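Per-chain residue numbering starts at 1, and chain names A, B, C, D, E and F are given in the order in which the chains are listed.
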Amino acid sequence: MVCQRPGDRRPDEMRPVRFEPHFTRSAFGSVLACCGETQVLCTAIVLDEVPPFLEGTGRGWLTAEYRMLPGATPGRHKREWQKLSGRTQEIQRLIGRSLRASLDLSALGPRTIYIDADVLQADAGTRTTSITGGYIALALAVRRLLEAGKLENSPLLKPVAAVSVGAIADNLLLDLDYREDSTADVDFNVVMNGDLQLIEVQGTAENGSFSRPQLERMLDLAQAGITMLLAAQAAALTAA
Amino acid sequence: MVCQRPGDRRPDEMRPVRFEPHFTRSAFGSVLACCGETQVLCTAIVLDEVPPFLEGTGRGWLTAEYRMLPGATPGRHKREWQKLSGRTQEIQRLIGRSLRASLDLSALGPRTIYIDADVLQADAGTRTTSITGGYIALALAVRRLLEAGKLENSPLLKPVAAVSVGAIADNLLLDLDYREDSTADVDFNVVMNGDLQLIEVQGTAENGSFSRPQLERMLDLAQAGITMLLAAQAAALTAA
Amino acid sequence: MVCQRPGDRRPDEMRPVRFEPHFTRSAFGSVLACCGETQVLCTAIVLDEVPPFLEGTGRGWLTAEYRMLPGATPGRHKREWQKLSGRTQEIQRLIGRSLRASLDLSALGPRTIYIDADVLQADAGTRTTSITGGYIALALAVRRLLEAGKLENSPLLKPVAAVSVGAIADNLLLDLDYREDSTADVDFNVVMNGDLQLIEVQGTAENGSFSRPQLERMLDLAQAGITMLLAAQAAALTAA
Amino acid sequence: MVCQRPGDRRPDEMRPVRFEPHFTRSAFGSVLACCGETQVLCTAIVLDEVPPFLEGTGRGWLTAEYRMLPGATPGRHKREWQKLSGRTQEIQRLIGRSLRASLDLSALGPRTIYIDADVLQADAGTRTTSITGGYIALALAVRRLLEAGKLENSPLLKPVAAVSVGAIADNLLLDLDYREDSTADVDFNVVMNGDLQLIEVQGTAENGSFSRPQLERMLDLAQAGITMLLAAQAAALTAA
Amino acid sequence: MVCQRPGDRRPDEMRPVRFEPHFTRSAFGSVLACCGETQVLCTAIVLDEVPPFLEGTGRGWLTAEYRMLPGATPGRHKREWQKLSGRTQEIQRLIGRSLRASLDLSALGPRTIYIDADVLQADAGTRTTSITGGYIALALAVRRLLEAGKLENSPLLKPVAAVSVGAIADNLLLDLDYREDSTADVDFNVVMNGDLQLIEVQGTAENGSFSRPQLERMLDLAQAGITMLLAAQAAALTAA
Amino acid sequence: MVCQRPGDRRPDEMRPVRFEPHFTRSAFGSVLACCGETQVLCTAIVLDEVPPFLEGTGRGWLTAEYRMLPGATPGRHKREWQKLSGRTQEIQRLIGRSLRASLDLSALGPRTIYIDADVLQADAGTRTTSITGGYIALALAVRRLLEAGKLENSPLLKPVAAVSVGAIADNLLLDLDYREDSTADVDFNVVMNGDLQLIEVQGTAENGSFSRPQLERMLDLAQAGITMLLAAQAAALTAA
């Protein structure tokens, strides 16, 4: 079986990516990150406080919250507020872990950076777009701290970006959209840093199982996509 | 005491208003409504369901949710969950009541229109901007129902718009920004329809009390502001 | 259309009002406030604590809670306890704001006065009866603090009282009972102080809209009702 | 050690008991039940519904809710919400079980009687006063169902009443007030029916332990108190 | 009517009792307590903290939590986690009170002992098995504190054990299993200490009422069962 | 750096594994699964119900709950209630997904299998032990359905087992214990089926990043461990 993607997209082709830095001005850093039809507003806010387990250590922290706005899907996505779904919690923990990997928390000092990723429109890939966009908001917030003289040296280590890969029958596809994602047999999310080293790998057989060689090829695809995203991130930050 | 407004704004002058219809495409109707630095994403989604008290009546319903995103204020506005604050509940009930006043719920049929007003950036006037923008999202959603043949006649009665007025000492000011709002002695929110009839009046003395003549003059200011907003709404809907 | 009120009550006539001060003895101040069939137990308790935002300022606070007991309505009003309804929150915020307007919070010192308004029987007007009765409980609590030597001067500024007005078709009616309230087109709640200055105005068109002249006449009715309530409050406090 | 009770009350003497039937009119049955300074408003409301485990059986149910109003104690009793304390749940389960023992649930038919016991003032004995007063509210509600022709025969079996007994050192005391209760070594609550048969016995050593002979004497005291309460109940119901 | 018990058990005969001390090693004390088919894992953990009302007094505390695992009953017992049922709260309060009666809380010092009773399999008598097993876990934890030199003298006063008794028609039966328990007319739980003095008595007529002589005979049965359980406890602790 | 493991365990050596099938009898299937000091009680219960999204499809479902008992860790693990931690939710979603991969849900018919994994003692590897043990409980429950004639053919496809691998500096270690796990730089959890095909791969750099070759070697280690666990599972099921 060969898989025809919308708009004749090739299996190893990303959707169009667009970043609008400074989309809002009240947060320390913000970006509207768009990947195809997926739109995520990422903001970074820095507060002079640390979680209890870091008090007195001089180290800082980064934490993330992820939500989907009700209007993000045609059928109205109900707000989660009595409790968070497992999916939401998994995603925001992943965003936080991934972005912490880009930071020297000692160099940050006793501050917490809050990354908020609010999905305005969802067409799959919201968690990976949140990571890639979240890094831009983070870098803009760090820039502001440096400009304000609150930090002397940047605590940023290396950029971080993420992408999804999926298998539909025998087809391995980069950067699934919603229609593809909902029929995928295997779902892979990969986070890498600016050296293309791995930060996180999550692969799940939604249907059946997968082999070691398939895993290898999916990682190859992810690496190609992340290479492109890192370049787009850098361009957006230079222009901002 | 005479009050100098930022940017030499006159006491009876609105901040610049901007509406971006179709900001997202997944909702039935959407608009990014901006009033000065205040940015609210309003979406309207229509579902074929009604609340229990309307079942079997053939009538429809409109309900609203209002939230402020964490990045909307410099100090990070914590998401409300587990329970909503009284302020949030008051605001979303006000938005819902005001927009229902623009609808013939029998002509809507057994549907519910969900208006979601998510504040991306907050510089006061978020509830009134949500009402004014919410009407645009609502009108776009109705247009889509008409175009899809799901409705034969529009259930829209008259447009609805809202504005705030405040008193700082003896100065009565239209459309307060955050800095003005936080020092106001009296806080007034007024909702009117396209005939400039009153839908809702809420006036609170935050400090001291106010007289009947002051109330009169604040209503005059509100009427002038709403006249301008109704024109901007109409222009945005024509262009969309 | 002319509206016939139960018991031949005139449009501008209040229901019989009755206050039983010291209904319970454990609270600092208490009153059973009855307006027609509506019965509200208002208590005031003073604790030597202030909310976090007032710590170290020397100023005090007043806060209110409002609840309807299950037996207050024939169909059993379910207790709110997992979360408060928007209506309940609006009401208790209104009671708190209104009664704070009667207090010099600096003169109160670092104390919090808790006003609890528990509706034993509900026949409309429960929020306004809570405000009017709440002032009596508050004044009795202040008297007790003065008698105990905990305060040298009374922090009370002016009494506060509240009443509802409604429009049913063209009829404007003072102090609606439940049957009237449930058919009203416009619902107005007005809070005034002892000088008949406005503290709060809340007017909502439940059905249609209302004009500026109607608003004027409803405020006139409210002022007449509040004048009578202020006299009854004063009499109850003198006798207590 | 000999224990001097306030007002020279004898060890086997109840506090003054007072019942005000029909305290509110909206519930099917209501009574303000006072035992010394303890005041409990008991209401009974009947709804045509049964809990799921009784659906289709033709049998009815009785359930109880118990709450203490904030003004019931000098230090302000915080409202329980989000979760009920274990103490509150134990008490309302006890009230429900005890009053169900007075009812033939088959003769009641597919209805639920809701007993609400709201403590307006607390001076110990609130759970036993709730049971004794709850029976009066229940009997008044049944009378109203009979008068309205909704029941042909009364489902009431026998009246039910309750009292507390305590041990302070070697003194066994009937009907403790708050000051006595807070120093008691053993706390006993006894529920009996009109034949003085036992419905419920709950005895707890708060401090140390107690012997079988002590238990016997506490049951004797309880029986004397309940005999008196049953007479007062009957008188109140005759007069109502 | 004569009641035939499973396995020809006599009315005054306990089910087989088995204690496996040190079932887990991470807790300070642990035991798998089995009574017939009922299996409860009891653990005791000691932390250097006290509840707020004991701060600064030098006294310690003991508190208990009780839960039934989902697999404990054939129909799957849903975990309680949004709120605890009244039954669960009653049981864990009873376990806590009963075990505190075995401790000199001053001699314990500023520590809290947490008793966790997790029911792995439920065949009635879970609360009494939790108390009897809980005492073993408690005694093992105290032994460990003594061995570690954290306590010089044991704060244990007397052992505590508990058993249930029930009435089915005229038959009084010791230590009911689930099938018996679900048809019992009267349900009695009795807690005694090593001197066979009473700590707690809870008797409930689930159906009808009971007389004073019946109460006496049920207490006799309970005393016989508890005598046996105290011996089994002592043997397990000697062997551990 | 070379890493010395407790008890001279080799880097590619599992801890001792022990399965006690039928540990409780009330559940359809149960096993006490022990891996080193980690002890997990896994039960499987089958109910004739399906979640709403499967109603009318004839297909069944499997879902899992995971909890750690308070006594499982020396410092007392507080029960999660009101809301589950993100970690707990991730784990129980992983257990559910992994075990569903071993089932033909159509062949199961309209039933839900509930897997409950309650950790009695935690020494790392609780999620993987829950999966490996959960499969045994599942297989025993299926056996019981077959024996009872409720299923004609087994819906089991292939067994499923899981293991953790970690990197500490340059050392790659199979099946970490708690002390190792808390210092690991990379944490890997791998789930495979009886054909050693991949079901789930989750790898996280807790500190730094990891390379593709490291990922390969960790998967090799995991495969060796899972091979051994599949054999132990089969032996336990044969003996049960």
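Keep this in mind: a residue touches a chain if its C-beta (ideal position, glycine included) is under 8 Å from a C-beta of that chain, and two chains touch if they have at least 3 such contacts.
All of these numbers come straight from a predicted model, not from anything done at the bench.
Q: What's the overlap between the neighbours of chain E and those of chain F?
A: Chains in contact with chain E as well as chain F: not a single one.
Q: Moving only between chains that touch, what is the shortest number of steps from chain C to chain F?
A: Tracing touching chains, the least step count from chain C to chain F comes to 3.
Q: How far, in degrees, do you have to turn chain B to put its CA atoms on top of chain D, rounded to the nearest 5?
A: About 120 degrees, rounded to the nearest 5.
Q: If you average the CA atoms of chain A and of chain C, how far apart do the two points sit, in angstrom?
A: Spacing between the chain centres: roughly 52 Å.
Q: Centre to centre, by mean C-alpha position, how many angstrom separate chain A and chain D?
A: Here chain A and chain D have centroids separated by 60 Å.
Q: Measure off the straight-line distance from the CA centroid of chain B to the CA centroid of chain C, and report it in whole Å.
A: Centre separation, chain B to chain C: 29 Å.
Q: Can you list the residues of chain F that touch 2 or more other chains?
A: 84
Q: Touching chain C in the complex: which residues of chain D?
A: Contact set of chain D toward chain C: 23-27, 30, 37, 39, 41, 43, 45, 47, 65, 67, 69-76, 79-82, 84, 114, 116, 118, 120-123.
Q: In their complex, what parts of chain D are in touch with chain E?
A: My answer: residues 83-84, 86, 89-90, 92-93, 97, 101, 192-193, 195, 197-205, 208-212, 215, 219.
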